[in-house]
Amino acid sequence: MNAPPSLELHGLQLVTIVAETVLRDRITRRLQDLGATGFTVTESQGRGSRGLRTGDVPGQGVRIETLVTPEVAVRILGMVAERYFADYAVIAWVTEVQVVRGDKYVGPR
Amino acid sequence: MGSILEVNLLSPITLAFALGILARRIGSDLSLPREIYGGLGIYLLFALGLKGGHELAQASLATIALPVVATLALGCVRPLTSWTVLRGVGRLPVADAAGIAAHYGSVSAVTFIAALTFVDAMGDPAAGFLPTLLALLESPGIAIALMIGAVKAGTSRPVGEVVHEVLAGRTLVLLVGGLAIGYFSAPEAWEQVQPFFDGAVFKGALTLFLLEMGIVAADRLDDLKTTGPFLVAFGIGMAVVHGILGVAVGHAVGLAPGSATVLGAMSASASYIAAPPAVRITLPEANPTLSLTASLAITFPFNIVVGIPLYYRFATFLAA
Amino acid sequence: MGSILEVNLLSPITLAFALGILARRIGSDLSLPREIYGGLGIYLLFALGLKGGHELAQASLATIALPVVATLALGCVRPLTSWTVLRGVGRLPVADAAGIAAHYGSVSAVTFIAALTFVDAMGDPAAGFLPTLLALLESPGIAIALMIGAVKAGTSRPVGEVVHEVLAGRTLVLLVGGLAIGYFSAPEAWEQVQPFFDGAVFKGALTLFLLEMGIVAADRLDDLKTTGPFLVAFGIGMAVVHGILGVAVGHAVGLAPGSATVLGAMSASASYIAAPPAVRITLPEANPTLSLTASLAITFPFNIVVGIPLYYRFATFLAA
Amino acid sequence: MGSILEVNLLSPITLAFALGILARRIGSDLSLPREIYGGLGIYLLFALGLKGGHELAQASLATIALPVVATLALGCVRPLTSWTVLRGVGRLPVADAAGIAAHYGSVSAVTFIAALTFVDAMGDPAAGFLPTLLALLESPGIAIALMIGAVKAGTSRPVGEVVHEVLAGRTLVLLVGGLAIGYFSAPEAWEQVQPFFDGAVFKGALTLFLLEMGIVAADRLDDLKTTGPFLVAFGIGMAVVHGILGVAVGHAVGLAPGSATVLGAMSASASYIAAPPAVRITLPEANPTLSLTASLAITFPFNIVVGIPLYYRFATFLAA
Amino acid sequence: MNAPPSLELHGLQLVTIVAETVLRDRITRRLQDLGATGFTVTESQGRGSRGLRTGDVPGQGVRIETLVTPEVAVRILGMVAERYFADYAVIAWVTEVQVVRGDKYVGPR
Amino acid sequence: MNAPPSLELHGLQLVTIVAETVLRDRITRRLQDLGATGFTVTESQGRGSRGLRTGDVPGQGVRIETLVTPEVAVRILGMVAERYFADYAVIAWVTEVQVVRGDKYVGPR
């Protein structure tokens, strides 16, 4: 992308986590500790390998997105995998993106 | 018993539940918006608390002391009987047994309200302090079952955190908060809002709520195929045992048939709002499909259709 | 006719619809949350069914036999007249003509309710079995028009699947389910919930619903520029023709002016809830903007403001 | 004053607000679905307008001329007093001062309704044209404060566009639209829907609305730590000054104590629905946390709990 | 991304389909047949080339996401294009992503 | 991705903008002027560097997605950065995606 320098595009990683609603606050609270500077949540519904509707426990699922550096992404994915993968309906993936004024989202190390 | 059942079956409340089930079985897209369903639930619990609080202000401590003790005892016994049957007879894994026991240790407010409406229609209204007992029966059973589960599973899960979540959960806050507001409000102030929180508006809202509960319950009927016959037997058997127990205990502490019936229905019921998230967090290995199917697709319809008239029949038999 | 129109125009129901249109035209952000609008719609249909069922239980088969046959006949004729005009006069493509005909072969429950309320206000209330006729008039027209469309367009679209979807659709399930519940409920049980499903609560909910319908209709007014004058003429002309036909048929089978007016309004109305998704799936080449603009932005307001008083005037003229 | 405060504190309306705050403080997940909250807000404003319009139709122009002038004067003065205090005493930046002044130049409809309900309960009901005054007091203050801000900040922000947005905003459309509908509806037509828009249903809906407002306000209490003591003093002090001013002006133009109290409460209140988006667009440099915390977490609860009884006390004192 | 091997990141493709609500069940039912192991749905509104609001037919639009292998992605996109592009308001795109425990989402072939 | 030629995949850029609800109409109105052929909006909630809840001003946040060519993407990001970054809770990023029949989304130049 031929961005004029003024646009200051930064390569970052977008971590997307789809999880049962019951985990919403537990996960977002941890994001900041792991170095994320913010997050965006949307409501979702889904079906996965678990055969479980995400809405099995009343309330739907949530889709959490956070823009982070690669190191923070690894920490977040590790946390999600370790704590929640065994027992909960959770899925997480990473996308490479270009962020405007991306330096804002590089948290303290 | 014929006419008792008839009164129950031919009420718009029961029929709306049946319509909800039928609608989903024939593949209808009918469904109350999730937010309306949630809002109606909040309204029903809050209205129940307000009215109960207003009537509690008229009751003497002497009248309610024994029923309160009896209710707390039921709250301790029910999770244990559930756990024992689930482990001993059903041979379920620890987490599943504890998770289901938490549901059957708590209560269904809608079953309670349906029982109130039923005894009203039978001309045997329950005493005004029954909603207070409902509030007392909601939480202990969840806490006890979760504690058993945490100990037996040897996990260090956040039971304390979860106990807080249950106590601060919407069900209890609305019920206890409503009770307090109803209790402390000046009688004239209550009268100004009563027609909105009582009578036809309350029963009409309940009818709509049950329409959607029928839809939700129907969604779980297919799960019965995979969860197997033990769960069906447990869902009905436990309801009958806890229902009869509740009526007997109510009779023993001096409740009239209407009140004893409602205590029985409360005791016979299983939670599907407060317990599920608490169990999901504390015992994540437990399969939520089992507990929700049992409480929503088996015990709830059983109580609404057959159980409540049965407990009433037993209560009038004891009182005779 | 002056005072008839006045009664209709100076009712909060009609004025709320006008306010909704006005609000959107001046660029207001006013809008009922989608879920509230959906919930009110469910409430209105269900309440209509309940009340109709309760009153149907009092009617004799002899009274309703002829009106039922007449209604089914209207259900077969209306999609055909619509199709003929759309193809013959409007020269619309096959899919568009069939899609619009499906809308005008079905009904608008809100128009029906507004007519009920209007004849009530005129002191000429409709017979209690009219909601039963509404349920009968809802689906045949959609099915017939879709079948014409499928045959003429030579497609192998899933008409069978769609017929099921219409029959299991929320409108019909609520209406027929409500009718059954109202019919079978014990009279005392119905009385306990009646004030919630009838009278001022019903009319108040209708007022709020029409406020939002005004907003929704206003969003379509701009589309009139692109859809052209034929659609406007069709939306009004078809309403008048079907309305007069409905009143005449009603009079012929012995309905009093109030009931004949409501049958006329029903016949004059066009669907905007049940028909659109059915048409979208079966005849996807049909432009949904055409059918929705005609039924929502032309026929619906015309009936609400001018049509209903007109049909009433004609009904009293026939009865004189 | 003891018993006045008691009537206010022991009403379900005030207690529901307190329950909402408490629920959030103990970490409860209780919350009305956003759509229900929005729907209740629309219902309350529309119902207020309808009823006010119906009563306005009975008022003579002579009776309301002076109060109308007085209200418009209050609408011009209040943003100026707010701006002067915020700049002069609080030394806030231009944008923040203008933003907060826009909130305190407008009104809170819920505070108004709570005052109506309170004077009703005191046996001193307000005149029927008060909702008309509410509609007049809503917008001028926002426009004036935004203009000051735009001029002082030297920006070329879209003030015109924003004035349109405020005038076409949902609050004003519902209020003015409801007033017009209530005014023009035939009395019999109004009576058919009145029980839905008035009395217990209205007060019950207000109770639920205040439960959620307590939850929303509680979410802002933590912000008080960062916004500092000046804002607390401003939120209370401005309410008292504007409240006393409103009562005095009301008394001066001949309003009875009930009406003067409601005018005072209106004057003492600050907007949290109409003003925030208008300010956000026109003065984006203004910190929205400041204005929302002041109006929602300080001024609103102060008025609901202490202010309204205080203004009533002052109004009866003047009238004595 | 320097993922520690323990994280088991898998390259997969995220297929996103935005469609009229009326197609929701029709599309999700087909996904499984074509080899997807799950999907996530969020509600959406939109405007596109068709000049049609997605909400023209009552009900809003839906945004369906499914993580799949490249072969499955092609099949899904083909199905959507063939069946729905001509007549419906539909749009579909593919993003390359890294998925934690991505092997779970490789369905039976 | 081994797309059969019939699928006509086009490389495009997906611009995602998360913003306060108050900006929704202001931003979407501008998108078309800048060359976008459509957009998709979902409701969201979030927390960011501003310490502000997106929902601070009543109403939640919105997540706007638009598929565009790289040139249009630059224009959109520039517009968002210039007009809204200083004063509003806004974030924007770009992802490389493959779009079915992507030529539809290349607006007039």
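Observations on the structure shown:
Per-chain numbering from 1; labels A, B, C, D, E and F assigned in written order.
Throughout what follows, a contact is a pair of C-beta atoms (placed from the backbone, for glycine too) under 8 Å apart; a residue touches a chain by one contact, two chains touch by 3 or more.
Only a predicted model underlies this, so the values are computations on that prediction, with no experimental measurement involved.
Any chain that touches subunit C and also touches subunit F is listed here: D, E. Looking at subunit A and subunit E, the chains in contact with each of them are F.
Counting C-beta pairs in contact across C-E and across C-D gives the higher total for C-D.
On a Cα centroid basis, the chain most remote from subunit B in this structure is F. Chain centres were defined as the mean of their Cα atoms; on that basis the chain farthest from subunit D turns out to be E. Note on chain placement: the centre of subunit A and the centre of subunit D lie 40 Å apart, centres being C-alpha means. The geometric centre of subunit A is 37 Å away from that of subunit B, both derived from CA atoms. With touch defined as above, residues shared between interfaces to two or more other chains in subunit B number as follows: 33-36, 201. For subunit F, residues that reach two or more other chains under the stated contact definition are 42-43, 95-96.
All chain pairs in contact, by the document's touch criterion: A-B, A-E, A-F, B-C, B-D, C-D, C-E, D-F, E-F. Residue ranges on subunit F touching subunit A, taken from their complex, read 13, 18, 42-49, 61, 63, 70-71, 73-74, 77-78, 80-81, 85, 91-96. Note for the complex: subunit F touches subunit E at residues 1-4, 6-7, 9, 12, 14, 28, 37-43, 67, 95-101, 104-105. Subunit D contributes residues 33-36, 38-39, 42-43, 46, 50, 164-165, 168-170, 173-174, 177, 180-182, 184-186, 188-190, 192-197, 201 to its touches with subunit C in the complex. Residues of subunit B that touch subunit C in their complex: 6-7, 10-13, 15-16, 19, 22-23, 26-36, 117, 121, 199-201, 203-205, 207-208, 211. Interface of subunit C with subunit E (complex): residues 34, 272-273, 276-277, 280-281, 284-285, 288-289, 292.
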